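Labels for the chains are A, B, C, D, E and F, by order of writing; each one numbers its residues from 1.
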Amino acid sequence: MKDKDILVVSAHAADYVWRSGGTIAKYIESGARVHVVVLSDGVRGESNDLWKQENATAEGVAAIRRNESRKAAEILGLKTLDFWGMQDYPLSFGQEEQARMVRLIRTLRPDVIITHDVNDILNMDHNRTHTFVWQCSIMANSAGVLTEGLSCTRQMKLFGFEPHQTEISGYRPEIFIDITSAYEKKARAMECFAAQKHLIEYYKQRASMRGNHARRLSGNSAILYAESFSRKYPVVAQEFV
Amino acid sequence: MKDKDILVVSAHAADYVWRSGGTIAKYIESGARVHVVVLSDGVRGESNDLWKQENATAEGVAAIRRNESRKAAEILGLKTLDFWGMQDYPLSFGQEEQARMVRLIRTLRPDVIITHDVNDILNMDHNRTHTFVWQCSIMANSAGVLTEGLSCTRQMKLFGFEPHQTEISGYRPEIFIDITSAYEKKARAMECFAAQKHLIEYYKQRASMRGNHARRLSGNSAILYAESFSRKYPVVAQEFV
Amino acid sequence: MKDKDILVVSAHAADYVWRSGGTIAKYIESGARVHVVVLSDGVRGESNDLWKQENATAEGVAAIRRNESRKAAEILGLKTLDFWGMQDYPLSFGQEEQARMVRLIRTLRPDVIITHDVNDILNMDHNRTHTFVWQCSIMANSAGVLTEGLSCTRQMKLFGFEPHQTEISGYRPEIFIDITSAYEKKARAMECFAAQKHLIEYYKQRASMRGNHARRLSGNSAILYAESFSRKYPVVAQEFV
Amino acid sequence: MKDKDILVVSAHAADYVWRSGGTIAKYIESGARVHVVVLSDGVRGESNDLWKQENATAEGVAAIRRNESRKAAEILGLKTLDFWGMQDYPLSFGQEEQARMVRLIRTLRPDVIITHDVNDILNMDHNRTHTFVWQCSIMANSAGVLTEGLSCTRQMKLFGFEPHQTEISGYRPEIFIDITSAYEKKARAMECFAAQKHLIEYYKQRASMRGNHARRLSGNSAILYAESFSRKYPVVAQEFV
Amino acid sequence: MKDKDILVVSAHAADYVWRSGGTIAKYIESGARVHVVVLSDGVRGESNDLWKQENATAEGVAAIRRNESRKAAEILGLKTLDFWGMQDYPLSFGQEEQARMVRLIRTLRPDVIITHDVNDILNMDHNRTHTFVWQCSIMANSAGVLTEGLSCTRQMKLFGFEPHQTEISGYRPEIFIDITSAYEKKARAMECFAAQKHLIEYYKQRASMRGNHARRLSGNSAILYAESFSRKYPVVAQEFV
Amino acid sequence: MKDKDILVVSAHAADYVWRSGGTIAKYIESGARVHVVVLSDGVRGESNDLWKQENATAEGVAAIRRNESRKAAEILGLKTLDFWGMQDYPLSFGQEEQARMVRLIRTLRPDVIITHDVNDILNMDHNRTHTFVWQCSIMANSAGVLTEGLSCTRQMKLFGFEPHQTEISGYRPEIFIDITSAYEKKARAMECFAAQKHLIEYYKQRASMRGNHARRLSGNSAILYAESFSRKYPVVAQEFV
């Protein structure tokens, strides 16, 4: 993983932690460069608990979410977080965001992009983010689009986060990443989102469930925790993986 | 690939060559052990052209098919071929074949099994072979089944051949293996099946088409030829592949 | 059904009658509150027959459609109809419609929302309405979105109308509502749309066909007529239903 | 649930506990009659851990499994267990088993049948059991089949267990049963299967995960634990559920 | 249609009438040769009403069904009916039936085969018949299988009947045949099955519904009645159809 | 095919040639009227090779693409090409394009429309074009939409091009058109796109592969080359095709 570049695009402030925190921490430990974009602060879409506080305001909620997200990122080993500050519920993408993402992909030239999967039956922002990132990745590969001195990329690998309720969203895990060595970091990072206790427990159990699946499918009994992802395109390889 | 063990199960005498000949040759070159089972000689299911010869008999057709298959295997680098001599069209699997396959898997302990994909809309033997191999692989993993001194295996990776007409069979390529270095061997091996000229050309073009797909998806312009396979279970890995 | 609240969102002036008229009538009879939104008058999308009249104008067609729809609603027992007067073919939803629907859901707090199913291969307005209503239902559940003194709802049940040609639209009936007791009202309500004779007969036969299906699946021979709906989310229950 | 009759068909000795133990306990508490058929003792398909003991024999393993299953059943409140003693891995159904199941359905006349879902990608016995039970339920409804004085039934509701790895088996939860009140019994019943520690933990977490899903979908915050099931046929109802 | 040969394979005594009676009558009128195989008399699977008569016996029921079927066939214009007299519920196909069907296909050399579609969620005999006919059609095309002086066929077109409840069986209509000119014959033929009043009405309405669909999709307002079928393989044509 | 009218809508300058060039040439030879709309010049989405030339500009690339496309069209026998000059990657459709397409369909009144299939996993412009054309075809059929003296059409047949990588885009061929007689023209037309050598070879092989499929499915050994298409709606016919 050393010298690999990974781009993670998260619709809201906490998504990347619940769904890929272990994988991020593991990549960073191994010397990879991981760049996380947080499109919105999740003020409308994932802050129900914060709005229960008296005198809650959009600005106040946003500040809390960003702060939590920064702490979590630090635990995972991320040096920076790229907050785009978009309004959520619904996220709306225009030409400006498109150009910004194409330029970012052309600059980072990631081997791997991780974002939301194509369908989340309980969250339209996740679906819109998938479509946005997919389209920008195609445009980044195509000469003639917004070149401005940045050369064109080649097709990168595109992975999808698990949605919250997988089966009814049509999610299918296509790769399990063993996060056993990074699990403690993920657990601590999740605990930064103090107002969402039930999700912390939920995603700890999920890491354990995916660890069970990965052990059964690989026969590797050392795997205790895992994260799963969908894969947009087939694997191309020199031998079976 | 060195020291890997691969089991290939082919319904008829030529299936493994058309659909995985390049991958087999490449594995053997690298020092892997590849074991090919040919369930039937394909007398009924893939010998239309041979039956056009005057005085054709089942025995004669079988002998020709086996002979062609042996020559092809030699070109691919296989030392032996394991002919089971079952009747085809339709292949029928009973307890005896089941026990034989479970024992074989327990003896070889392959990392990878390759066989037909779950559905071929033009060939019921391919479908039946898939179900048979899948069930035997599960049983081989399970203590209590036919142990006889052979210890139980763990879940192996299970890949599926392309059917002849892919889209109408619901086939989805999930991994492309770069066979550029082994392509010449595959081409020569296919030419052993002299009576099936149209298929030789067909599978040469297919290797080229899959090479095009693999190049596009990976950005690796050195890939000229590829074979694609379905994958029964998700990948379990330490990093993204 | 007493004291239940139901919101029905209809793309055009007659959709709610053809597809859920029996269910609406039955709910009203039992004391439920049913609120029907008619997004457009269906001037462009369902008035082919009216445009054949000489000197037809958009205003004239709209007036006829609204009048027919009001008569049908009265027969079904509805006190009011909520006409939004949008242009159809295609229906286009902006921030204004979104805010209006979120506020409406927050005000009505329905147990059940019924609208078009996710796909109608012959009518893009139906598909767009589904997406619109689904997204607004999610936003209505989310604190931080357009609160304005209206408190947030919880996830409601979301059901989908049958499209006209079901199988090619991928429609799957997930619940049959017995409308035997309300059938006469539905039949009379449909007859208000005088220019669409063929549809009146079509949906009478459909009620009979769905009654046959419901009888066969339940063993309840008292069911003569039924309406079927898709269901966006799984059932949550205290026992099997 | 009082006076309801439920038939549960379990491929192996523990399946019904992991997958429906909470629902069974809850039904029994409420006064329903629950009849559980255990087709095989699971000697080959779910006893890997027991075979690790020295001098393990098929008879010994079977005795242990039955004993564990009986204890679990008692905790759930079942008076009896109906062991059929078939050989597993693979389960093979002939005319005798078919006649026995049709007669059982005709005798019990259950409102609900619960068995394995249509596809488990890691367990062919589960798939075969589904097909067997489904076919027998159809035959039980059909006059002319094996009547022998037992009158024909009508179509019953048919629900499917969750397979172990749901998404890759194509499983879709269609109903969540709230098992909060019965959860303690389920937990204790699972602990009877001492050799399968990892599964006990796995299915405790699953009950919690399904509880989370059910809360989110219903807005009912009292649901802590749930079990999910697929549904073979649509719901037929007098109002929306 | 003149000089065309059609083979219809019906699981039970009345299936071919409900599902393809109009198409059969129309083909015969135009001078085609239609051969109908009735695999079973439907004693167990479609005679619930007859078993309600006192002293009903399997032989008696079979005689009634055959007699009704013969009358219906005569009205449709069929000269003969090919009763195979198999037991139904479940239909079980062995080598003998396989050889018989392969020989029949080799003898008739039909352009078109019509039988049940691949899945009927309420009738396992329909599913088994589909698999049986499909496999036999493949074998009939393959030299080496049971030749006995009959030469090998080429791939024929394979169409599937509508199941009773289409959407939940995954049925998708791929071709509508206009049966307006033959509808009266179909209606009269259906009336031969006196004990199944509800089905007569059901399939009359269905012909009308499919006529509505066919009109809408083709713009041909002369179509009043239609039958729909699935298609196993793509169309091959000289121009768009 | 004589006197038929066909409308082809191509997202970029070369799409219609790779994917339907043979069918177009064949229709024109037979006396049909074929109208091709080229929405964009493909400056951004299919001109990677041209951008490698020093001093490449958008205008220059556009001019080259149009010129190549005109030459190809001439070889296929087209008298004119209808260039809309939209920007690609991404194509964005507004009310103006919608009105233009509806008017065009009302003017041409085509029997058949060919455009991109519903999903291309590597090209969002193809997907957007499909949705655009489909919606406009529905609106063209609907009185009240933009009539302006042009009368309403009836539902036309809608066919979809093959995407580049078919299986991973979910493409399913539903009709094969025999292009043997027109293949030479298609080959020469493709060679006009000099900078895309690899695609020329790719689509020659594809024509050969589809010819193989069409031969196998029809038994017509005279078919050497074919093009395949998806079909949006079922066939309506007087007999089986």
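The rule is short, and it goes like this: contacts are C-beta pairs under 8 Å (C-beta built on N, C-alpha and C of every residue); 3 or more make two chains touch, one makes a residue touch a chain.
It should be emphasised that the depicted structure is a prediction, and the values quoted were computed from it without experimental measurement.
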Chains in simultaneous contact with chain B and chain C: A, D, E, F
Identified repeat of the A-F interface (over half of residue pairs identical), from B-F, A-B or A-C: A-C
Chain centre separation in whole Å, for chain D relative to chain A (CA means): 37
Junction residues of chain E, two or more chains touched: 122, 168, 173, 213, 216-217, 233-234
Every chain pair in contact, whichever chains are involved: A-B, A-C, A-D, A-F, B-D, B-E, B-F, C-D, C-E, C-F, D-E, E-F
Of chain F, residues touching chain E in the complex: 1, 4, 26-27, 30, 111-112, 154-155, 157, 159, 173-178, 214, 216-220, 223, 226, 228-229, 233-241
Partner chain C, residues of chain A touching it in the complex: 43-45, 47-48, 51-52, 58, 61, 89-90, 121-124, 168
Footprint of chain C on chain E - complex, ascending: 122, 164-168, 171-173, 198, 201-202, 205-206, 208-209, 212-213, 216-217
Sites on chain B touched by chain D in the complex: 98, 134-135, 138-139, 142-145, 147, 152, 232-234
